[in-house]
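In what comes next, chain A is part of two complexes: it sits with chain B in the first one and with chain C in the second one.
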Partner chain A sequence: MPFPPSALSPDPMTTWQRIRRSWIWYALLLAPFCLFLLFVIWPTINAFRLSLYRMEGRNEVFVGLDHYVRLLNDSVFIDAIGNTVLLGVAFLVIVLPLSLVLASLMNGIRHFSTPFKVIYFLPQVTSAVAIALVFNYIFQPDWGLLNAILRNLGVADVPLWLAEPRHSLTGSRAAVTILAVWMGLGYFVIVILAGLQTVPRDLYDAAAVDGAGPVQSWRHITLPGLRPILIFLIVTGIIDAMARFSDLWMLGGPGGAPARSLQSIVMFMYQTAFESGNLNLASAVAVIFFMIVLLITAVNYGLFIRRETTTT
Partner chain B sequence: MHASRRAATLALAATAVVSSGAIAQSPDLGPATGEVSVLMIGWSDQDGIDASTGKPTVGIGHLETLFEAKHPDIDLKIINIPWGSGSTGYGPKTESMVQANEACIYDMPASFDYAKRGLLQDLDVLIAQDASFEDIWEGNFLENSKGWTPENANATIFLPGYSGVRVTHWDAQLFEDWGVEPLSANPTVEEITEKAAAMTGINPVTGEQNYGYWYQGQYLSWQFQSLAHALGANWGTVNEDGTWTITWDTPEYLAAVHKLLELAQYAPEGALAADAMPQGFLTDQNVVAIIPEGEPGYFIQELINGTDEQRARFRTSYNLRGPDGLGGLSTPGMYTMAASCPNKLAAWEVLKFLTSDPDVQRYYFAEGGNLPTIIGGAELMPELAVLPDAEIIATEPAFEEPRYPWAASTPRWALQTALQAALAGTMTPEDALKQAQAETDAWLANPQ
Partner chain C sequence: MTMWRGTTLRRGRATETRSGPRWSTRRQVGAYVVLILGALVFIIPFVWMFTTSLSRRANQGLPRIPTFWPPDPSDFNYMVASANLPLVQFYANSLITVTAVTLGYLFFSSLAGYVFAKGRFPFRGPLFLLFLFTLFIPFPMQMIPLYLLVKDLGLSNSLAGLVVPFLVGGFGIFFMRQSMMSIPDDLVDAARLDGAGELRIYRSVMLPLCGPALATLAVISVLWRWNDVLWPILVNSERSLYTVTQGLAIAGRSQGIFTGVAMATAAMAILPVIVAYIIFQRWIIRGIATTGTRG
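After this line comes the complex of A and B, so read on.
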């Protein structure tokens, strides 16, 4: 049956009338929008502007892209980027499979799953600084908890952890990766668990009828069902890993000790601004950091998110 | 006041007048009244009880009360922040307040950098107009308060409110256990090396592993400077135009790195990760015999409030000294005035009060373990007399090197990182110094 003409014709209300009808919603949005402008948009724009100047006393002098040229020729900055990427990749490579396994196991628990969820999630709601302080005690080479346990188990040559700047499975980078995994695991598990619970049970029942075993069901039903969740975790996980600061600062001090093995881009930016007093150069670091995150997000969008949004 | 000191003060004031052109330009210093805000760092906000000693503590508001009783026309507002760390550290807060002109007076560890940026008032201008001003600070404190500003290459940029004190600590109990002669009051590098080596190993009395030496890997620069200066190294100079010449890659510094590597053999393996004194310091659990250039100050109140046994065990010697008789990091509380301060004359009264009033100096000692900087300051801390090495502690600041202007800048981190790499064995001492020099030179060529 054809629709009556009135149902197919455009809404007779004008845009202005629609705004007037829902003005209260715009009013409610106004205050947070102003705060967003003041504390996010304006500082971001100002960082771009500052990065093009240098200070001579209290006067700003336009220097164009000089700070960017300087940074791209600065081995300390390049190393900080490499270190950030390395720590981020190590974190995601460990935390994603681990949280997937744990969430799958928890999903199979019929009773008392809530205490597990709470325990795994607790580090997520604890201060990163407090966690870093505790891990500082755990990873101290001479009197830390971990090496004390290893010595009691008869290990004579205990690892140096935070005193070892080399790329090693028992060095400073390994220690902060363990910390990051411990801290982030609960969040990943909870999000994946939520995703698992959206996969229709019917599919598993049908697969069982067709003779699929648990591994085949997991491979062909669970994983495809989790795809949007995993993409979300990868994208946000990369951004979080790039912005890592507090725990590295607490364990490595202002210089990312030992020997800058724990220095990240954000630590470099902080050190440039507040340890060396060069806000303009630090702003250029912030802009490059912004561009890197933007690029990663764009690539992720192109590779994963667009496909998800167009297929759903 | 000695005639020579008075003459020196007059000369200082005259130099200040000439160099700053104060008379010719008649700078507007604003009124001598009104509100003066001060940023202070690390004091108690309120009166309370010390968690470790159980003794009453006095909040920073005490200084406001003291000041306003003497200067009723000036309203002193103290903004007290913790030292903090990372994004909540004092550095970003200081920067924010300076940018926003939020205070007139700052306790400012990075004062040399702010002075270079033209953000601090040249205090010589105020000294010149103050007929009552006298150099009442101990030793070279006032002379060492000079730094470079865009208008004056040799400006007084801060007044020294208090002094931290970094000394060489040693554990008399461990020396006795090992049968080693006590450390002398003025130890040399050779003496420390020899005794550290003798006390590294299994303690013959307790059976515990002992270490002869200690270094803080995360904050290595100061101990290394002290060691290097004792071996004849000098970091460089401040040039007439305010630039710095810094020389890390020299034979003297190379010898110092080799010596540090030798001494590090007598320290715990994990010292490279350390950001504080060794675990167990000031307790019966201590296993480190010698700690050169220790943390500033805090041990003083711990020992004063401790037991006789504790005071007899944890002893103090002077820092290592160079051929010029000086050595170790100068750690004065640097009180500066912002160039943007609208009422500089009022702020000047506050600045003098915070850096020279005996009651304030007493407060700094009682509440923070910081030493007085004024002449006769020893009388303000009678409690110190209970320590067997009170005189060494009280007089150490007089032998410290002038404040390193790069102490809060890139050269410090360049050197420190290179030293860590050398200690970890990822670089040779030669390459480490070359890297530190290259990074420092690159920064010096374009510090802003």
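After this line comes the complex of A and C, so read on.
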């Protein structure tokens, strides 16, 4: 004899029933999800697929890993990777200590920290393209601002800056590193400052009572308090550096002139895709680029982040 | 450039209590001196750009002693630059596309954020993970297939091609979900008891309470789309559709020796942005400091 369903003995809902009952959530998610599938997920998958094919006329021909073999034997590509890493490391090695010091100073002053923040952050709101255009002329060896200042200071043999492709402290790589530090410093300062402001003053007062000097309290209170933020800045800073494009493209063109000294991975990808017209080979560059970023993130996770999430 | 990154560095409001060590007056003065010198390093290039843009002689390519005011001020360079480039058109293109992307991005991010923050339904976890995963994919990875897709959809060389691909992103959804999760469930349940539907709750309860988060997301979206050059140069080859940044990139690379004209072009692209920045600086800097994302 059939029992009517009662609240006391609820028959377990099947997944299908639960899906039908929550139709409103799926309906709300429908439009964003379709856009997401089409413009984010599909291109990501398609990059892998394209990298395994070659165009013959209008037909795609499967070539397996040929593009990867070709890239790894291409010294121009390997140099582009090396150059991107070199520029990224130089940038981070300079910008991190510098922003740490400036943020600490900004945190120490009593008034007017807002105008400083606004000024330091200014290059971040103007596009890298506009900044690079201005700096192209600031670095101009004959009539640029920088060499004019150096001449006024009595330097007779002024550097060539962007016109010097060799590895040199006054060459093109140094110039774009100065540019990157100038552009990025404000961002690093503001993020570090936000971290400094979460370190309570009580800790410093207690340290002062115990007789700690400013350097000691900086070493034992400020630095440990900033650890998560510094790790965040390093991880994202490396990824940004690997994806560097706009300013280098503006100053050196897609080839990274002079003598490919300013070429980056993304510029190589751009050149392969839109100047040589080989979208499939460029997709293989994209996949290698993605793998490098993934590898760096994984290494960072192993080195820093895991410790961060397990000890706290 | 980097919308895929997603970490909220600071949860909740900034503490109102003072932080940091107490410094003596002498140390304070020292700090001010260093900070002012640093500020000059950031201001001088902009000043140089502006003074050079006013000087006709700056186009001769001769060594000059930098001055704070050009000996021959005139609007000559601006006349040449604006005759070369339809900057008004570029500004209109930039404003239209950036506004459209930002409105759409805020709408879809908050809608999906609401679903993931307050909805209870099968496959919620896996679906959210799918969105979250894309935070780790840098844009250059998707760039070439996206270019092919936009071309196949017939959107290249149209302003829509600059808008449609960027309406939905993992970061915005993640960010809005985080801020909506801090809104108490009781509020949502009370609205449901009053007979409000989910769409109504989203519009009348959640959105008004998420004002600051939406403002932060808007700042990030505007900076990101306004300053992007890589995507516009891929899909847009028609001059009448250039954005400001794209026009500047293409024109700026061809000025050669004409420093004055180049600086006038740069100034016309930079100065309005600086004015907007000074007006909205509180929102912009807070947005960057709390999310760690710079558009």
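Assume the second predicted complex is superposed on the first by the 278 of 312 C-alpha atoms of A that agree within 3 Å, B and C clash if a C-alpha of one lies under 4 Å from a C-alpha of the other, contacts with A are read in each partner's own complex, and residues count from 1 in each chain.
We adopt the following convention: a residue touches a chain if its C-beta (ideal position, glycine included) is under 8 Å from a C-beta of that chain, and two chains touch if they have at least 3 such contacts.
As the structure is a computational prediction, the values presented were derived from the model and not from experiment.
Asker: So, on chain A, is it clash or fit between chain B and chain C?
Answerer: Chain B and chain C clash in the superposed model.
Asker: Figure out whether A:Ala163 sits in contact with chain B (first) or chain C (second), or with both, or with neither.
Answerer: first
Asker: Quick one: classify A:Asp142 as touching chain B (first), chain C (second), both or neither.
Answerer: Both chain B and chain C are touched by A:Asp142.
Asker: For A:Asp74, using the defined touch cut-off, is the partner it touches chain B, chain C, both, or neither? Pick first, second, both or neither.
Answerer: So A:Asp74 only meets chain B here.
Asker: Between chain C and chain B, which one touches more residues of chain A when both complexes sit on the common chain A?
Answerer: C
Asker: Answer with first, second, both or neither: which of chain B and chain C does A:Met250 touch in the superposed model?
Answerer: both
Asker: In the overlaid three-chain picture, which partner chain does A:Ala273 touch, first (chain B) or second (chain C), both, or neither?
Answerer: both
Asker: In the overlay, answer first, second, both or neither for which of chain B and chain C A:Gly57 touches.
Answerer: A:Gly57 sits against chain B, while chain C stays out of touch.
Asker: Quick one: from 27-35, 63-71 or 81-89, give me the piece of chain B that collides with chain C in the overlay.
Answerer: Clashes with chain C appear only in stretch 81-89.
Asker: Hey, what residues of chain A end up touching chain B and chain C alike?
Answerer: In the superposed arrangement, which is not itself an observed complex, chain A uses residues 129, 140, 142-143, 245-246, 249-250, 253, 270, 273-274, 279 for both chain B and chain C.
Asker: Touching residues of chain A toward chain B in the complex: what are they?
Answerer: 54-58, 70, 74, 76, 129, 139-144, 160-166, 172, 245-246, 249-250, 252-255, 257-260, 270-271, 273-281
Asker: Looking at the complex, which residues from chain B come into contact with chain A?
Answerer: Contact set of chain B toward chain A: 85-87, 89, 91-92, 95, 110, 113-114, 117-119, 150, 217-219, 268-273, 275, 279, 339, 408-410, 413, 416-417, 420-421, 423-424, 426-427, 439, 442-443, 446-448.
Asker: Where on chain A does chain C make contact in their complex?
Answerer: Touch residues, chain A against chain C: 15, 18-19, 22, 24-26, 28-29, 31-33, 35-36, 38-44, 46-47, 50, 102, 105-110, 112, 114-130, 133-138, 140, 142-143, 145, 148-149, 151-152, 182, 186-187, 190-191, 193-201, 204-205, 208, 214, 217-218, 228-229, 232-233, 236, 239-240, 242-243, 245-246, 249-250, 253, 265-266, 269-270, 273-274, 279, 282-283, 286-287, 289-290, 293-294, 297.
Asker: In their shared complex, at which residues does chain C touch chain A?
Answerer: 1-2, 5, 7, 9-10, 14-15, 17-23, 27-28, 31-32, 34-35, 38-39, 41-46, 48-49, 52, 61-66, 108, 111-112, 114-115, 119-122, 124, 127, 130-131, 134, 136-149, 164-170, 173, 197-199, 202, 223, 226-227, 229-230, 234, 245, 248-249, 252-253, 259, 262-263, 265-266, 269-270, 273-274, 277-278, 281, 284-285, 288-290, 292, 294
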